């Protein structure tokens, strides 16, 4: 049957040699096994992320996102835009909805887009990769390719903010979304109960307010330990980087012994689907996910 | 009518036959109960059992039935025989379900059952089926006092249901307070904009309504009579007096705004500080244009101070909240915003109270740019530039707001006429011949609204804060003056929407009152009761207790100072019967005899048997059901008690107590409703009266050489099924300690 | 059972709660013919499930006793329980109503002796005690809905109707009251006016995710708390928390749980503030000075003369007030205590407080289960009944607006007269 | 910039007199919703960085209504927003609080009334400039810029402090030294910049910031 086609928006952090590059790596296996085709949006640009607002203001932020939508609309007609990065997804979807709501903003946006020789009819739907997996692929199809169920792995599903709020996955609650736990179970692992599932990691302020953001991280990781987790899994690039790489900092400052691997759901899937540690981008872990790697070797 | 024929029917179902000797019960009914016919049945309440009784009534001329089976609260429909007098001996909930199981209780259980059979037979012998008293001529017209929104609503509601209505309005036009409003708070979706008051339309409909007659510039000069036959003197401003005969009265005399002059600290009396009524006048004058102050200056900024002189804890101003003021201020703020969005409008509140769909109205005001500030106003100064000094409770700072105009949201003060507590005090002095008091009474009565020619005073009794409200949550129209219903803000602070709903309900109650009056039926809570107190005046000592103690003002005094009973005002509680020291007052089916004979029917063992007997007189609405439900839950209590349901503890005549003690009972327990401010007695003072009367019985007890503990009065709620059993057992313990009554054997 | 005779002079009242009983009785006591239908096996509705009333702290069952006595004694009211209105045709003054009557499997022979219940072992959720919620109260599948149930008659739950247990119940009844052959029946009625007193239901607390009613056992609803405080309730009136059965002495009351919230109910449910103030006094009744109640609120809406009740509660040193909509509830895993997180907006103080138990003052929304409103009915944005286009049908009580009992009864009395007006008009036009 | 900011500030003051709420409604993203707040405080309690707030969102809304212009625009509270959107999803009046906070921060920043040296403010600016330069965010350049924003000496300290982290990422091939030369960027960077400039121009004109 024909592959499902999507206009793919990787986002800055997923680029080669960037903090979330291992997400992109691990995505390949998943894409193959699930028969998806991701067509990268030509010459895409940054979404402005969470802190673009201060200097960027409203319209410029809408416009840069509109550019990606406009290109997708033109070059990859009829395809939903899908992004692996919640920030990219949120910014794009927000733009899509805002412009759909306010004709005047759409008009102004197009005046600006014209400068880049583009125009937007705003017909492209912006979606998150998890959305696509759950809604277009479905749980059974996601389970089918599992050849190495992640038995005995205890995993804390960390949803965080932006895949969850303000849009979230249809039918999920903001306070206690269950889809990530379900993904964990789908690949044969156990989802641990802990109470920081949707706590903000403070990623947006990682640089400017390190102490405040690191307090958030510490709460999250310690709760995962309390829940008996071997590792944390997340659908969010910013969360992944933030929660993983600052653990050493926290240990230094507070004498804690945090050493909790943080991986992407796609990494779990690619291992469960029989991918190698390399294919799953596990070499990209700052804190090694050995238990996961071990399963890959089996 | 044929002679009386008495029959007893004993049911052996529901386990009665298993634990009681029904044969023995039959003999008791026959020999001691003197029943002409005694039958037992394994399943008396089923079709066949009931048919058996019906046949006996129809074919055997049975007129009086003692049904010894379950509680009077059970199978009421099955055991209803309208033409016959019926007594229920409660063998199930009253005996087998509450006496501990096991053979060692067989004897006392059987004795208890036999007593209840004796009591049932004794009671029914004294009962007469109330004949009722249908009137040939009884007025079904309804008087509405007050022509405001509430009054007009009540009038139209009753007239549209086919009843003739007479309106008495003191001013020159209908409409009342609402007539002076530009618009009203929305009362239908989408609850976003002020709506037209509709006052003109209502007034117009009334003007042309074939069944409504309106007296303008008129007041009520006198209200005499009773439901179905009220004689109303309507006094015109001109001095002319018209007489109207009506069947019921709706009092819709509304409210007066709290005088802002009493709020100097909030700028009351100063220039450019007005109350909500004042603002309505300004808005009406502006008529959609810019709202101008007295000095002609266009208002560019306005502050609404909520709860002005309301929710006051110092005792200086109104302690209550008037309910409508938050929405009213929102509406008035919209007057400004809708005319010119640039006008600064601030509503300063402590708790914004816009219940239900009012929340939409609140949102709508915010949409329009009305600013809501949670703050407590300290000092308001009027003048050219008004200033409101206040505590901002959110920003946690003392600050001030300048404005061209300040609106004080003051409260509603009911126009309820004379406070009967004050009147009674003066009246007692006056009756004692105090001339000054007589003058005071005249002055006071001049302020009366209804000018009732009632022994108990000229107006409706007032509830909290001078409102003529009902005390009952389940029954907002349970009035203390039968056939007279207060409605609208005279009854309780309220907005127009509630007032209209309330007035429609009041109209229904008035309709009910005229229908009941004509049929000789009691009003709520003993709805449709046909019994009615008869007094043997030849025995009356004119002690006035009945007239004074009647909670409903049903009894006047005739010119010979004898009690004059007004059947249509009577609520059949029996308080008069309980009050009468010479026992000349009785109902056909409830009298000193019906209860007294039961008390005497009980077989009281002598002191050597160590079987005390304790009489329980239980309020039929709360305590008796509680006893019943103890049974339903199979909670056991002592088999030494004998319970008799009474209409109200207020109907308990002390003779019953003395009779009981004289005939050797060891104790008497009275169970009634909660008394005090939050009293739960539906006959107002019954429980309180009983407590009072029993406090007086101490002397009698002394004369008999009895301990005061032998008479106990308890407050029992309907939920007390477990507690009531505990109370009984504790009391039995107490009595056992005191020892048997010395009166035994003398009875 | 078959439907009673009815004509266009008959008033149909739908719903047997206090509003429905009132609407029916007030009309009946005016001499009108009334049919009162109730979908459950008993009259009484939700007020019968309350322990006490504000502000008098008296008992709803006291009024229920009076109303039941009125109904037993009034030949003008015909009561049909376990009956739902499935369709309404026709128009003002002349409606054709279709009723669905579900089998009770117990006939009028029942004496409430209780032998059938003894013969049955399987249990069902005790609806009267909100057994499908946190109280988890159960009762036998052959049951009397509650002590003051009317008609005073047992019910055999459909779940055991065709089973051996059903047979056992039948065999246990000496009076031939258990009739397992009863079938669902449909019947037609002709009436002149309809009063919809279909009442309210507590807002589904599961939807208020930040408060974790679905996750934390010691977070319950205000209606469940009524049953905990009631001596006739599942705990015999002891305030024991569902999590571990421990006494809950330190209780948080969260106002506007669902109400005044565009994510849930856009309206204010009016009664919740007063209900909570009342419930703080249950805590005092149970624990005296050892109890502690904390009320988290946006505005305290103690309207009109209820204000003094509020003032009295404010003077009760066991009761505290925090002007704050609680942001979220977490749980102390160690002791099962809910932890409330939020900010006191009066002066901006942040809190994270533990309580033994949290009571959510859930809002009122119109009851919809078993209620099929005709298209002619006009509803507001929260689906409360405003009236009908043809002016022959009326909302009464909490079906028409979130009201306390006192105002619900007012509303029902008013609706009753409006129905009488319709009857009157029909009669007079027919006469003419 | 500062002179522009100043004149813009003066214009605003003149234009809205002392009606700060109006000013916010006209110039701040979703500012028209500020008036709909009912002071329940759920936003204040929902913010993960709440304890760090000088003023909670609901309090800021009240301050706006009370006309406390300098206090609001000078507050660093808005700069604490992590864009977690907890407040938005819980607000019973459905105020887009996150957007309003972003909008306020942006407006304060553009009028140069925001706290000087507010770290998030500075980093946000660096981030945006970095973005506009290449069309994509160059993480290494961005981080280096970050470390050296307070001057060379401090920069080295910062860099050293974060060394472990940096090395970790380096080892994990998630930080690419090659980024310093070339690296990711949009091909049509010219068009991109023109587009962004245009958007800004339109918005500034609308807000009287031009």
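Going by the order they are written in, the chains are A, B, C and D; count residues from 1 in each one.
Note that in this section a contact is a pair of C-beta atoms (placed from the backbone, for glycine too) under 8 Å apart; a residue touches a chain by one contact, two chains touch by 3 or more.
On a predicted model such as this, the values are computed, not experimentally measured, just so you know.
Considering the contact criterion stated above, the chains in touch with chain B and with chain D alike are C. Of the two chain pairs examined here, A-D and C-D, it is A-D that is joined by more C-beta pairs in contact.
Geometrically, the chain at the heart of the complex, using CA-atom means, is C. With centres set at the average Cα position, the gap from chain B to chain C is 24 Å. With centres set at the average Cα position, the gap from chain C to chain D is 51 Å. The geometric centre of chain A is 67 Å away from that of chain B, both derived from CA atoms. Listed for chain B are residues 352, 374, 394, each touching two or more other chains.
In chain C, the positions touching at least two other chains are 210, 260, 323, 328, 345, 348.
Chain contacts: chain D has residues 38-39, 58-59, 86, 89-90, 93 touching two or more partner chains. Here the touching chains pair up as A-C, A-D, B-C, B-D, C-D.
Listing the residues of chain A that touch chain D in their complex gives 12-13, 15-22, 43-46, 48-60, 62-64, 67, 108-109, 111-118, 161-162, 165-166, 174, 199-200, 202-205, 207-209, 212-213, 216, 241, 245-246, 248-249, 252, 283-286.
Considering their complex, residues 13-15, 43, 45-46, 70, 74-77, 157, 160-162, 188-191, 311, 313, 319-323, 349, 351-360, 374, 393-394, 396, 464-465, 467, 469, 471-477, 492-494, 498, 501-502, 504-505, 507-509, 511-512, 515-516, 524-525, 527-528, 621-622, 625, 629, 632-633, 673-674, 678, 680, 682, 717-719, 721-723 of chain B touch chain C.
Interface residues of chain C facing chain B in the complex, by the touch rule stated above, are 18, 25-26, 29-31, 47, 51, 53, 55-67, 69-70, 72-74, 109, 111-113, 147-148, 152, 174-175, 230-232, 236, 260, 266-270, 299-308, 311, 323, 345-348, 380-382, 384, 386, 401-403, 405-407, 409-411, 413-414, 416-418, 420-421, 424-425, 428. Of all residues in chain B, only 344, 352, 362-363, 366-367, 369, 371-374, 392, 394-395, 399 touch chain D in the complex they form.
Interface residues of chain D facing chain C in the complex, by the touch rule stated above, are 38-46, 50-51, 55-56, 58-59, 86, 89-90, 92-94.
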